[in-house]
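Look at the two complexes coming up: subunit A is in both, with subunit B in one and subunit C in the other.
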Partner chain A sequence: MLKLATLGDLLHGAGITISVSALAISAGIPLGLALAAGRTGRNPLIRGICATYSSFVRAVPVVTFVMLIYFGLPALGIGFDPFPAAVLALTLNTAAFNGEIWRAAIVDFPHGQLEAARAFGMTRRVAFWRIVFPQIWRASLPALVNEMTLLIKVSPAVAIIGVVDLTRKARQISAVTYEPLPTFLSAAVIYGLVLLMLVAGARWLEKRLAVRPGFA
Partner chain B sequence: MTLRFDVIWKEAPQFAVGLGNTIWLCAVSMILSLMLAALLLVPLTSRRRNLRRMAQAVVDAGRCIPFLLLTYIVYFGLPATGVVLNKWSAALATLVLYNTAYMAEILRAGWASLPPGQTEAARAFGYHGLLLTRRIILPQLVIAVGPVIGNQLIQLIKDSAFLSIITLPELTFAANAVQSYYFIPFESFLVATLLYWALCGGIEALVRRGERWASRMRRAYA
Partner chain C sequence: MSRSAWIACAAVRTLRCWAMTGALLGLGILVVSAASLDEIKKRGYMVVATEDDYPPFEYVVNGTPMGYDHVLLALLRKSAGFEIRQEILPWQGILPGVASGKYDAAVTAAVITDERAKSLDFTIPISESTMAYVKRTGDNRIKSIKDLSGMTLGVQQGGASFQVLPDLEAELKTTGGKLGSIVQYGAFSEAYQDLVNGRLDAVIHNIVSLSTLISEKPQQFELGQRVGKKSYAAWAVQKGNKSVTDFLDAFLVQQKRNGSFHELQEEHLKIVFDQLPDEPLLPGDRKMN
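This part shows the complex of A and B:
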């Protein structure tokens, strides 16, 4: 049986998983929006850079990307501790996927509304924040939450640079107690609960938005 | 500081072996999990509600587990139950198990999205059983889920990098081996990531070509 102290250790690991993921998500969503703005903007050079970045990062495994940042970048004179390196790698990764979601929403945005806003004398910036953004973030919410769950599921990649997240904690505990199955299965249940809470929270928010369209 | 890509060139065979292992492991597991997922489709689309719900719960639970944790369960956990796998069979088992949950969900969603009128019309023309599946349902299903399967294959390739942690000699492991031997981490991991980029880009291009072919066929027969 799993001891209570072991469960406490696992929950500590879960705390690290959640904080790494939460930091990456909160930085990655606005960064993704910036990427989408770059890709749908007027400057062809910025468009190209953003498109290349997005294509590259989305094709690279997170484990390999984490290693490139933690082990590789110091060779260029840019070094990080494991935790910031983990957050940075996950942020850069999730930003690329969020960028695709934001871009799809921007491309789908009805052009007439933007023209109407411009006709009323709004600048591009004002039109974006007052007309476009309040609509696209609602449209993108389900896809963004889906990407959050995917990020939490690849977050064990940070274990490879020594960040003791839930998965690595479970591995450490099982190496000491020789009870791998109960430990790993408990960790799996914790992941399931975290994802379940996230999805349930998003559903609740979506329902609220459907009832009160003005709520922002 | 000088970047030493000449060392990478010298170690090209090691990268090639790693890339080759990544490709065949993912390709074989994709084929195996497609077959398993097709079998899972029977309970997933069953008319018995309890059976359907149970199968859906198993698939949903499977999709909640991170790949690395599943690798640990298979490689370090199963020996406690008497099932001892070497790293190759553990890697293959993990890839198949993990991917089957996603493939089952993809096939189920594709199945649910098929217009029922087609099947009804085929039945009215006397199609039934295997012939109905082969001539009417399967071609539509393949066209509907083909692109999604391509994306899932890319996902699988990316997840397979976790297998380097159980020292399976795939691409990321090869990059790590080269970088720790010569101490050229930046060059080594950069080349590995570029190879992944090329591989996934190639799959994406194939999927696009397939989609174009499918729409051409649809136009030709419409």
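This part shows the complex of A and C:
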């Protein structure tokens, strides 16, 4: 059965999984919003760039993308250590998916409200932050949380460049003990707890948003 | 297989194929040539990649890297005269990293194959890596290779254990036998578990990994015979980076002459290879072109 030291080792891996995912999620959500803004904006060049980016990134498997960032970018003179490369790859990946979620909310936004805001003399910027954003934020939250859980579940892809996350730790341990079952079961329980906390946090946020208008 | 399942399966295969091609193309375009020994000396350090779940060659216990290659690496560090930085990562990332020039050498037991020799250079062998089979202790149905006829065998997905199957099939045919069903695994620990469970009759893996396994779990597993052609494992270097290959070869030859190889193999690999060749040889003792 699983020893205490082994469990500690697994928890260390869980810490890496959580920190890589948390960094990627917190950078990926605003980046996704910027992508969506670019795609729905007026400049056709920026629209094209943003559309190409999100199509490309969503089509490339995460493992391939991580390898491209870590092994490929040094050829262009940009080198990263494994951890920042992992965070960057996951951020760029999740941003593309978040961008589509934001875009759906923006496209759905009733145009009349925007015209009313403009009629009241709000600038585009003020209208976006005071009128549009609080509403699309609420509309997008469930889908964004869904994407967060998916991101956590694809995060083991970063192991390919030597970042030892929870799944990799479990594999290392089972390679020595020849007992994959207890190790991977424990890892699965830890993943479950992490996702449970994330979902509980999101529920709480949604409830708050439901009773209080505004950002949260 | 139903029609829809077949379509899904074909789609997954196609996607996988595209993904691999994309990865190779992407890396191919972005290859940097690896540093020569002079460049390494000038910048003051060498970067090597090792694996983390390949006992007894390299593995990690409570965060500490251990195994045959790590001891050799420690000896290399003492004699190198420059810093050696080490990156620990899964096997799938190692050879692409060496081929793309991110790492100067793969200090891992990479099996010398025809396929790999096209894109990588190898040092002198550090171990034999001939395939063999392991069975449950006391399974009297299997006494030699010919008894594997019709048995369910576990191999690693796309690994050397998978590639030896045609050889095994040919070997079985000479005694009128045939290859049974084959189950592919991502990692051997899972295959061993299924061997214990009785889902498999034998697992094929290299003779070193199996020797370690049986030395640790003799009540559960018993080593069988060698399967297929004789093959060797060595450290890998980017194709054409002769200065680094020569540097590593000089070190390894010294370890072989002074008896470190013998001693470390006995301690870590639980099997000793005193007849290793002084050059990298392709499976079946064929010379490199």
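Note that in this section the second predicted complex is superposed on the first by the 214 of 216 C-alpha atoms of A that agree within 3 Å, B and C clash if a C-alpha of one lies under 4 Å from a C-alpha of the other, contacts with A are read in each partner's own complex, and residues count from 1 in each chain.
The rule is simple: a contact is a pair of C-beta atoms (placed from the backbone, for glycine too) under 8 Å apart; a residue touches a chain by one contact, two chains touch by 3 or more.
On a predicted model such as this, the values are computed, not experimentally measured, just so you know.
**Student:** Overlay done on subunit A, so just call it for subunit B and subunit C: clash or fit.
**Tutor:** Because the two structures are overlaid on the shared chain, the partners are seen to clash.
**Student:** When the two structures are overlaid on chain A, which partner does A:Val62 contact: first (subunit B), second (subunit C), both, or neither?
**Tutor:** In the superposition, A:Val62 contacts subunit B only.
**Student:** Taking the superposition on A as described, I'd like to know which of subunit B and subunit C A:Ala96 touches: first, second, both or neither.
**Tutor:** neither
**Student:** Identify the partner contact of A:Lys153: answer first if only subunit B is touched, second if only subunit C is, both if each is, neither if none is.
**Tutor:** After superposition on chain A, A:Lys153 lies in contact with subunit B alone.
**Student:** Of the partners subunit B and subunit C, which touch A:Pro82 in the superposed model: first, second, both, neither?
**Tutor:** Touch status of A:Pro82: second partner only.
**Student:** Mind working out whether A:His12 is in touch with subunit B, subunit C, both or neither, as first, second, both or neither?
**Tutor:** A:His12 sits against subunit C, while subunit B stays out of touch.
**Student:** Figure out whether A:Leu35 sits in contact with subunit B (first) or subunit C (second), or with both, or with neither.
**Tutor:** neither
**Student:** Is A:Val164 in contact with subunit B, with subunit C, with both, or with neither (first, second, both, neither)?
**Tutor:** Touch partner of A:Val164: subunit C, not subunit B.
**Student:** Which of the two partners, first being subunit B and second being subunit C, lies in contact with A:Val176: first, second, both, or neither?
**Tutor:** So A:Val176 only meets subunit C here.
**Student:** Taking 41-49, 77-85, 113-121 or 131-139 from subunit B, which overlaps subunit C after aligning chain A?
**Tutor:** 77-85
**Student:** Which residues of subunit A are in contact with subunit B in one complex and with subunit C in the other?
**Tutor:** On subunit A, the residues that contact subunit B in one structure and subunit C in the other are 60-61, 63-64, 67-68, 71-76, 159-160, 171, 174, 179-181.
**Student:** Going by the contact rule at the top, pick out the subunit C residues touching subunit A in the complex.
**Tutor:** Going through subunit C, the ones touching subunit A are 19, 22-23, 26-27, 29-32, 49, 52-55, 59-63, 87-90, 92-93, 96-97, 100-102, 187-190, 192-193, 213, 216-217.
**Student:** Note which residues of subunit B are touching subunit A in the complex, please.
**Tutor:** Checking each residue of subunit B against subunit A gives 1, 61, 64-69, 72-73, 76-81, 154, 157-162, 164-165, 171-172, 175-176, 179, 184-190, 192-193, 196-197, 199-201.
**Student:** So in the complex, which bits of subunit A are touching subunit C?
**Tutor:** Subunit A residues touching subunit C: 5-6, 9, 12, 60-61, 63-64, 67-68, 70-76, 82, 159-162, 164, 168, 171-172, 174-181.
**Student:** Considering the complex alone, what residue numbers of subunit A touch subunit B?
**Tutor:** Counting only subunit A, the residues touching subunit B are 55-56, 58-65, 67-68, 71-77, 152-157, 159-160, 167, 170-171, 174, 179-181, 184-185, 187-188, 191-192, 195-196.
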